[in-house]
């Protein structure tokens, strides 16, 4: 039972990481109609910048502003130099231009940092574990990630629902023309949304550092999973992104934890492990297929 | 007599907004029924629902007495419904002739034919030319749509719609953006078609409406406030305040 | 008029050059050129297949490497069962005959395209891109986990499939087989593009709203186009597995889908032979950049970015504008 709860918490932790990326992506799709493959690169750059600064200075905490700053600068540069030229263009151009950005960023990082993954040790405060329930001992760092993720979700909720910018964002994600008609400086709104998305991606990247290896290609791996989140949650819906992230996080973690064991009861060990790993990495895509059959526009978009 | 089009209790909501408010409307065989109303009254929304491009929240639609309420657009077209678009919606990379020919091709049946060159299909080209001649675009057949004037695009819209051989034609502001001479030509053209096809005509140009319509319905805020002959509508005080009066001042 | 006369002449010229290529390569001492050209032909088929949905049909699929990989794995898996003498699922015998493996690759990739297409085409736009990408990635993980078929490492095919009367161990023969298949493929594609079916597909790209208004049920046509396109990529994958004598999850990796798209845009979207030209440009570029620096992807990224942002119509468009043929 405690093992199960632990896996659930791992799922939630993975879920909030996905949410940090998905929130930005879904807003950028919803409001600007732009597909940005380089979102994963921003995540990677946040991770590298933060981890490198933390390693050089010996302070984990200094890594946070470094990661955020690097992500924001990268995001602003992408928006200003590339994405801004793509707003009116078709999706194909957007995909290819941002695909080019991935190649450029990945190769640049390889030149700067080499192919060896970077590691960062976490500060002592976050290093230990606590007993959440009798018998359920859980790492503080993962609890911190969950807390940060939920705080961000709450902050976004307040931002979207209680502020004027949020009102424009909501209007923009359902009706782009209307926001233009309101006489709002749409460029500024776009830049703000893009910057916010970049910050969240950078934050997620840095937080992933102590758990996962910081390496080239880490961005694309999670980006594709994030796409699944956005499709399931519905393009443009922050609420959808939040719930879909948690669902996917839990489902993915649960399958990886339990499927090989289940298969081992009917097959030989190593083969069961391999097949189990394979099927569990397919799980979220199968979930997406089911959602598409029932609600093609996503779980949290009302069908018109 | 069964009406060609029979709409009952049509309702369409966008969130809290009632875009179509319990609309009943009929079009009789051979009739031109004009639908007028101020901007934002929900005229285009109504046409989109009739075509099945938008799904209504309530209400039923019958074409020649056959219910088509839940049929997809393609099916409705094959049963004899066609529309033109207010903001022209054509295939811009194709020639004028191609635009009409593809409509005939689709009408003829499925297009799962992978081998013969469609531009060598003489029967398509011939009959497409016929429709172009009928709307006066015969000499523009080889031109790309992107190079047509606005008036010519409106004519082509009509030719494409006719090429589907409709029983009922839904015309969404066919005069909009046309000059005086072009409008007169369009009126003549529609008048010439009235024996072949019934029409629901959405139009702002009152001259055209009074010249063509057998009956007029007035749509205001999604609701039909009056239906009658040209003279009845002209003299209806409610219509005058809600719509015509306002229109007079604007002109 | 001038154009209609020029094109067949140009095509005949290119075909003659392609037929002469291995001989020229041998006599000039650049024997590697034949292998390079074989890869160009195979990727040309794949890119042209993708272009059929992407350029002609306006469906931006980011998952076509899935079908390329399936084609490759059909050849690989059938070969493995042939060489081990164990039937697949206990009743399907393996084979090393190209005349069997190619049709099987076509059928299997077509079925997979039908499945993925049927789901993905339920939506459009940005979702379609993400969904096709996600499904391809799903297959990638599937093949990585299939240890029976090499898992991560892929599947080695000891010998290329046999074709009666031909020595398929000879690189030149493989080249000519690929050339013959390429010619046949492009002839069929040309017929389809200009057929009634192609007409509605190109119409759908221009305006789906218009096509609905003239009574076209779009979904089934788009799905059929997707299946045809998937089969083309499956064919290319089967040829590639024969050429490399190797099938691996790399064939399905999302970067492969990206590369196919890059070839399409380099050559010119929505043109018949553009993707073949794009494949040639891509592969030559890759070889040249890779010989200069191991960081060739940086150069490729910069070139691609430039092409997308500043040229319209890829290399063809750029070329004709530089030559001043089109203002």
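Order of writing sets the labels: A, B and C. Residues in every chain begin at 1.
As a working rule, contacts are C-beta pairs under 8 Å (C-beta built on N, C-alpha and C of every residue); 3 or more make two chains touch, one makes a residue touch a chain.
The chain list, named the UniProt way, goes like this: A, C = Branched-chain amino acid ABC transporter permease; B = ABC transporter ATP-binding protein.
The structure presented is a predicted model; accordingly, all values stated were derived computationally and were not measured.
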{"item": "Best-connected chain pair, where connection means C-beta pairs in contact", "value": "A-C"}
{"item": "Per-chain CA centroid nearest to the all-protein CA mean", "value": "C"}
{"item": "Between chain C and chain A, distance of the C-alpha-averaged centres to the nearest whole Å", "value": "32"}
{"item": "Chain centre separation (chain A, chain B; CA means) in Å", "value": "47"}
{"item": "Chain centre separation in whole Å, for chain C relative to chain B (CA means)", "value": "44"}
{"item": "Chain B residues counted as touching two or more neighbouring chains", "value": "none"}
{"item": "Contact footprint of chain B on chain C as seen in their complex", "value": "191-192, 194-200, 202-203, 206-207, 209-218, 221, 224"}
{"item": "For the chain B and chain C complex, residues of the former touching the latter", "value": "51, 53, 72-75, 77-78, 82-83, 85, 89-94, 98, 102-103, 105-107, 111-119, 121, 160-161, 163-164"}
{"item": "Residues of chain C defined as touching chain A within the complex", "value": "54, 60, 62, 119-120, 122-123, 125-127, 129-131, 133-135, 137-138, 141-142, 144-148, 151, 254, 258, 261-262, 265, 269, 295, 297-298, 300-302, 304-305, 308-309"}
{"item": "Chain A residues touching chain C - in the complex, by the definition given at the top", "value": "29, 33, 35, 82, 85, 90-93, 95-97, 99-104, 106-108, 110-111, 220, 224, 227-228, 230-231, 235, 270-271, 274-275, 277-279, 281-282, 285-286, 288-289, 292-293, 296-298"}
